[in-house]
């Protein structure tokens, strides 16, 4: 209890906790879950975008998308490394992803059906992600905080590129504009869901906020996201699919409809449009790659043995 | 030797040999090889056409192509049945195809690169096949002869459809016409090769002709094919890729250039553009289908056992 | 009229996409008899597509024929069931998809034979004969493979489990379905469920396969919301018409 | 000038098609590091494509830019090597294809740095830095997997055997190559063989892999005669540009 009080005091003073320092087991576990899920999301998040890499309509757009997906895999790597400092291996985490014990962000269980969806993912999904992540740059766990600083920089670049793609579509031919609007229609509510259910519903929030693993409430962030996004949509000439969307002078923000939380829980249960396909894709990649990973390990063992023999 | 003389006398008299009758071992072996190769050709022949089924440009063309490929698989079935009457099982023959001991027609080692190739295959490849097969309706082995009668009827239908496709291309847009000409350029010499090297080079021919397993010489059939095809090409406004093509009044036929026989032997050796892909496709189909075939057999055994138990 | 167009494209798009998927097997089936049977089934389905989409184009009256509808629309304008756009997988998945569909397709066509629209009744009658054979064949194979080896059983059960979530959409009506049913043109999807359930239970029983408990149903295909697989299928299917829009074939 | 256009499309089409093939792996690689490396390599290759095809379009002077060349030609107008259009296969095939190509690509670019055409020399210089890294990486992995487990060895040898017949085309010159070489614009393909052979022999040796004896070489890609795989690749790659020819992206 004394340790605990000291630990909390350090956090309250804004100090960073480093891997080798003492921390409560629950803090460690919560962080592993949160960082692991975040890492898994980066990995699975390659799939909906990868779905259009081979169909990107120009060389420039293809290059941008490749760079983005590469960054995401890189984010996955930083985050697994951050998690590893907490004593869990990347292979452990991967196994938990593949057997379903760990989750990834539900947003990636929605399909990318048109090229405009690639824009919507950048604009809305990365936009929501950044909204979640910016405060986490100030999170209490050092490695996580540092990974977030790096990630946020790249993400905001992605978001601008997504918005630019969306702009090209929204100002293009009638068909392109229709694709852009359709993408917004399909991604709007799933993006709102990315902040999680209202904090009133959330059990873990209070402790996580005390530990500065979570900085803002879900509702705060969702409001911020809506307030940021509405004028952007207006600028594009696109309509947010919410009849109840109205400016509220009093709160200085937009009133908006809640997403359909039953859909959220359905997707979480595994019944999203792509849950099965996503998991299968990752499982297949892992299974098909087994010989490769074992080959590399065997070579490393042989090389080490040769070095020893040569000494 | 008496048996042999009597056998030859029956053939010379135009009688059909039936499976249960006596026949020389060499006759049986030669027939198995010939019928088996022909059957394999029907099977492998599905692949170059199947390559465009999923890209057929209209529903009608897609239906025609599906019907054609279905017929070809059907021909394969008749022919394997004819071969089975000679005491070799379909599985045996298939194994010999897959391990490379038996061949299929080299023409199917050429790729179908444009939609016009589907026309060229029907017009030229089926055309050459018919030229080879029509005389075989009168071949001495009964089951083979009967299979050929049925096959020829369907093949000439295919040829007409191929020619019709070619006509649509040759009278279409500039791009379509270019595809048609290019298809003719690529398939002309391979089609000429389908009759085999000049009979002067061929060892087996004399015996096969005496047995009426082979009816015409390769050169006769090739000449006939050229004479039939040249006016058809002219009608389409396409140019046969042979500068030496010239009408020879004396022989009442066209003089033409020999194909490049070194290419023929190269393809035979396995170095055609598609040999590896074709064999891999068939091997994969066979390998992937193992569980299916075993499942059916297991069920048949169970059902039989149940019937016995019920009696 | 717009309802009728939608209803007809639901029928024709479904046969088109399934026919396309089946045709992908060409030359790659596990035995020669299956090569023949699959080509034959694809042929029937493409033939039915010509009739359904041909009529849809007529009803629409904007000069689009069956080919224009098949080859010039993008994914969101297709109204096929999600089930038929599922990738082929192994032969067991292809077969199970076919069986789940055939067992619905046949009662659908039987009901359509009683349509107040004589053109629809005529198409349904012709197609019904073909589909009766499809069902006979797919049911028989499901039984033989379900009750075959351990491996064939495992694969068929796996296929059933994987596809089950896509079966429910066949029986989910929307406002279009209701209006068409009210006019006696097409049956409500819900009305086809009982016979389907009977067929499924009988065949799965004989096949020693276990009917999945979940009744969750993916939906959206009929309304034009497809899976990621659909777009890839169209890149192939529509290639020539897209690359050479001025050509006649 | 037409020769130069052809020569440049041979370079640009080859990087384009290989970049496309590599990009097909996105999200499916055996380890995260490979996901990153493959995306990076595809990115480099697409970047080089923009430069080569951009210059080709300039040289042609008919108003076609790199995108028009990449997305609006059909298969027979592409001049890439057959090697790079081979399907990805397992990761071993992808890697071996990359290694066989990298070992040729680097000396090619080094030679192009000395081109009499300054624009070509400049592109080659930039690309050479990227490709030096590609070769380092692919050679290293070939060694590690060739001399890894029995299975990884078997797969790498299988990949080598399967791809070997497509390597020879890299060193087969035609009249266009000769004229470009005579003008000091590009090297003859034959002149690149010795260094390639050295690299291959060294790396295969370390990898305990056996160099195939056959010197048969498939050819035709450089002249626009491709494999059946090419047409399928284009249906995907060119889909949007073909389906929406009036759009700007």
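The chains carry the letters A, B, C and D, assigned in the order they are written, with residues numbered from 1 in each.
Following the convention adopted for this analysis, contacts are C-beta pairs under 8 Å (C-beta built on N, C-alpha and C of every residue); 3 or more make two chains touch, one makes a residue touch a chain.
What you see is a predicted model, and the numbers here were worked out from it, not measured in a lab.
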For this session: Would you mind checking the shortest number of contact hops between chain A and chain B?
Result: 2
Problem set entry | Pair with more cross-chain C-beta pairs in contact, given A-C and B-C | B-C
Problem set entry | chain A and chain D, separation of their C-alpha mean positions in angstrom | 34
Exercise. Chain B: which residues touch two or more other chains?
Worked result: 55, 175
Exercise. Which residues does chain D have that touch at least 2 chains other than itself?
Worked result: 74, 235-236, 239
For this session: Could you tell me which shape the graph of touching chains takes: line, ring, star, complete or other?
Result: other
Problem set entry | Touching pairs among all chains present in the structure | A-C, A-D, B-C, B-D, C-D
Problem set entry | For the chain C and chain D complex, residues of the former touching the latter | 74, 232, 234-236, 238-239, 242-243, 245
Exercise. Which of the residues in chain A end up touching chain C in this complex?
Worked result: 48, 51, 55, 111-114, 175, 182, 186, 266, 271, 273-274, 276-277
Exercise. For chain B, which residues count as touching chain C in their complex?
Worked result: 43, 46-47, 49-50, 53-63, 66-67, 69-70, 73-74, 76-77, 80, 90, 115, 168, 172-173, 175-176, 281, 284-286, 288-300, 302
Problem set entry | Touch list for chain D against partner chain A, complex | 16, 20, 23-24, 26-36, 39-40, 42-43, 46-47, 49-50, 53, 66-67, 70-71, 90-92, 143-145, 147-149, 151-153, 155, 236-237, 239-241, 244, 246-249
Seminar exercise, completed: The chain C residues in contact with chain A across the complex are 74-76, 162, 165, 216, 218, 220, 225-228, 230-231, 235
